[in-house]
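Chains here go by letter, A, B, C, D and E, matching the order in which they are written, and residues are numbered from 1 within each.
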């Protein structure tokens, strides 16, 4: 799908932890229907960026705005209601809830605020969408790793986000699961969803992203199509290695 | 010599590690490569007596059994672990961290020598003795963590993803230092995702996938293996 | 069971419980009052602390506010018992709101410690106000209410707590609480205002505790601040709720009944060593029934069904 | 000046109470609600030795401290250690230890009631001492001096000696302590026992100027918890300073505003610390 | 489960059987008692109530028991602990009445507990001879609960005693008109301080320091320093036991130079004299007795011999007297008939260790000592209502 208008704007975003600058003057735009990759070495500030956008952390300076709404000083629940959903680096399932309830959780408090039967139907559809239709009755503790990831994705989608943040969603999957995962994200892309994807898996970056931001030590060192950034000498030096 | 025989680790119903056997000798660097969740950390924690799960199998160092021992006993047999996230005492000073490293009885006699060794390896720490560790940068904290492990006079040093969160330059420095540590006669067992750099300094390596050892060999052979190249050197991030 | 049958059964049970003062008098009625009081307190405590895992030791404070406001209202201002009973819970809820806003964003331990001393602090504060601004010839709560009237009022409160809990369990807010209890981070990111949810629930707990304190006040005729603001009560409520289990709405009830009876047996059998034996009983509960009675029942059920 | 001296002396007494709890909560991670009862037991011992044998509380100290050490050690090993083992999370341990130690405190109150239900009160060094233009009671001064000595000794021991450092290491991170070969179990038990000894010792001293009875422990537990949290969990220096601040604030409020508001003031500063510095005055945050 | 005896009582019962002239053992008369064995009031209970019950049981059973229906029946105590918790107290009283079906009950310790238990006593028609209960609501309470009797005076009577004592000292030129007053901030202290504020003013005293402190305050030195700074002629504290001790100790340390020093509850405790020795010569406090009557002397000696401790110089004797009232009323009626016993108490006079007790139409005995003073190791009454045997108060001369 052809990328549309700019939907998310990040401007001069900076986050300090004590003396450490985790994110340093970061700016980029995400356009509607676009899959934006954020890559970089461990500790380069990718996850901090996701946390700043989702409101889990508050920026030291700079701004994030979604369709003109300033998200910089907004708490996570408000961010969620304004249309940003996320998954977590280490998968976070609600262990005492059923599979269906896990998915419903995303639908109830998001900006559509579905409830009761409506929410159940909606969540059931999404579970089917991510391939969990036959696992609805399974206790969440018995789900495999990939199924937990699917469930988390269903929960995030249930919020009907304007922008979906996937924080290393593919990490830890074995090669066969990886293909399933990539296909799933690719189908989201085909639906025209706007996604920010933090990843280490280069295959996924290449096949899924419209554009990429490369970070190192909190700074953006490159931005462009995957092909462009992956051949950028700075990126090779700082991230891919020249050995 | 560290000998790990047929170790399995399970957390509840989930088995994270199935019958893994490895050996590490003094004076060599052995690297274990594997994806996230493959069971690498489970292996190290099981050997060091810090597993939260149920551990079966055997491991021994210098003919002393390790499995079933608490971490403090394991340290006394001559094994030191630098865990993921470093496991340092963040609110204590560099000096205190190093002194605590020499807490095991086996390390007391050689405390001075070990300290000299650490400061030679990491000259930066020399004038930072009074600094509180958590105010230091990631790379410096990693030095403290490794330095503290060396203070316990280990025969074998275990490191869980030491390059995590380090800038490429610091990574290079780290791996150079590991090579130096090997040259002092210590054995180093390294769990890494940074295959390229770790294979460059390692003597031998194992591949671990879904809790199984799926390959083993000399570092050079592994680096040249096309499957390894695809899985760890090309297709993934590094 | 069809809903209508279940509804009928509940109605019958409630009627039977309500009829108790007609059958039992004296001793058994006073035990029934105790059970009813602790059921209301523990159940409302569990509505908040069960899902959120914040151990609130503030029941004694709010309960004390209820009793104290009734006493001071009647003794110092000549207001009626009913007026004060109506006002007290709202005062407590407001206070709970303020405390919640200040402390619920902190980690659990701070909250525990803050609430631990709360009863003591409020006792000091009201005593000071009483001493300096009201003055009093003692705090008397002289009403025509008898034990059975108090019992019925407590029954009404208990039913209200259960009804509230039942409605909550079926509401967005109840669902929000369950999510919050599972993972607060996730809860925030699916759009739940966790701070507001916690504060509102904490206010509800304070509301009910003060209401119970107000209703029970006429039982004592004479209110002493150091007795109504009892830190011990806070602990008893927590222990009974945990003994029963906080996962189910009826869980605390299953803790209150055996605990009250155990307490009776202990006080009757060891009149001069009650405190000591109760201490031992606490320890046994903590070590032997860590998941509460409901957890125990669940475990037994699992064992009997292969 | 009056206020400062009296405040510091009161703070000295509080410091004694808080140091013990700080070791127990900071190192062994047990929020010990029976701490106040251990203190009262110390007071009871001092009272009993004084009344029956005319033994000076300063001598009783020497007997009480090792007894309390052994008792607390046994309490940790037998009653609390299983909870530490059982707990999957820090929160779970907190809930369990709150309930268990509350049970223990009940039990101890029961024991003491059967020993002596009346007030324990006696006169020891209740003589005025003139100090910097104000009068203070000698017993308070002695208590404050001993508190300072114990606090100083503990501080030096924790910071200068190897075993002391091991205790601090466990306080900072039990996991990392295991990694450097510290037997976390043993150090925790030791710290808990030491905390009990210091608390009981505090009880001996406090009984010389406060009228205690079997049921008054909970007040001390509460103050101690407030101080420990204010000072920063696991930090002896913080506990001492927080105790002094609390003593000063309480005395100032009692003298200048109204004695009826002392506890309210204590709570107000507690809340202020929580709101503006949730890790405590000396706490190092969530390292 | 519910017939646990007070160990000493049962020993006494066993003893009484041995000496009983009746060939077969008589069924005991059961007396219920709910005590505060722990909690804030346990200290006072242990001084003032429990030893007297022990003494009384031993004495009555020593002579074979109470004469009822022409036979001597031993007495037996059924006792529970309420941990100073009114809810527990009410439950325990209920249990005594309906489960143990005790024949009579012995009044609890503390104003609040007497009032809280009154309705149950009334429902089961138990006479309640309250001792350690001081209130100005006696009329209202006895109207509501006609089986309730008061023996230790009213709040106003109490404050009047103090006012009169101060007045006497003032008229002798011992003190001026400046009074420093403090009170413990709970119902008891607030009530007394409230009444005292009016009465002191009426009597022309000038209250130069007036503060409250919370129950359980560990450090009362600021209070004493504040009082001292106001340079009073007299010091009055409406205090409870722990703070009575602490205030006195602080006064010694601060060397509070007053000629009248009053602390309320616990001043009459033997422990008070024991702790401070000669320093408290001339101290005033709540209560006091006339230690010179033969009855009182004999009582104090027996108390010491039987229980191993001295009685306090206030409510101990009154509490024992209340037991005597009950005893004489039961024997006067000659039957275990609670209503008749209540009537008997209303209509008769009783000879007790504190003298003759007779109740007025409001069930109040208007004979009590209200202020005592430490004189040569004894705490003697210097103000009273209806007793007429108190001595004149004297100036306190320093703390040495």
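The working rule: contacts are C-beta pairs under 8 Å (C-beta built on N, C-alpha and C of every residue); 3 or more make two chains touch, one makes a residue touch a chain.
Being a predicted model, the structure only gives us computed values, none of them experimental.
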Give the fewest steps needed to get from chain B to chain C, where each step moves from one chain to a chain it touches. 2
Would you mind checking which chain's C-alpha centre is most distant from the centre of chain B? E
Considering only mean CA positions as chain centres, point out the chain farthest from chain D. A
Chain C to chain D: how many Å between their CA centres? 31
With chain centres taken as the means of their Cα atoms, state the distance from chain B to chain E in Å. 75
Where the centres are mean C-alpha positions, what is the separation of chain B from chain D, in Å? 41
Cα centroid separation between chain C and chain E, in whole Å? 35
What residues in chain C touch two or more of the other chains? 124, 127-128, 131-132, 272, 274-275
Any chance you could list the residues of chain E touching two or more other chains? 37-38, 40, 84, 185, 212, 214, 216
Counting only contacts in the complex, chain C reaches chain E at residues 25-31, 34, 37, 123-124, 127-128, 130-132, 135-140, 142, 146, 216, 219-227, 230, 232, 264-265, 267-272, 274-275
Within the complex, which stretch of chain A touches chain C? 54-56, 75-81, 85-86, 88, 92, 94-97, 101, 104-106, 108-111, 113, 115, 155, 159
Residue ranges of chain D touching chain C (in the complex, touch as defined): 31, 79, 82-83, 86, 91, 94-96, 98-100, 102-111, 113-114, 218-219, 222, 225-226, 229, 258, 260-264, 267, 270-271, 274-275, 278
For chain E, which residues are in contact with chain D within the complex? 37-40, 42-43, 45-47, 50, 84, 182, 185, 211-214, 216-223, 225-226, 241-243, 245-246, 249-250, 252-255, 266, 271, 274-277
Chain E partner, complex, touching residues on chain D are 2-3, 6, 10, 13, 109-110, 113, 117-119, 121-123, 126-128, 135-137, 140, 206, 209-216, 219, 250-251, 254-255, 258-260, 262-263
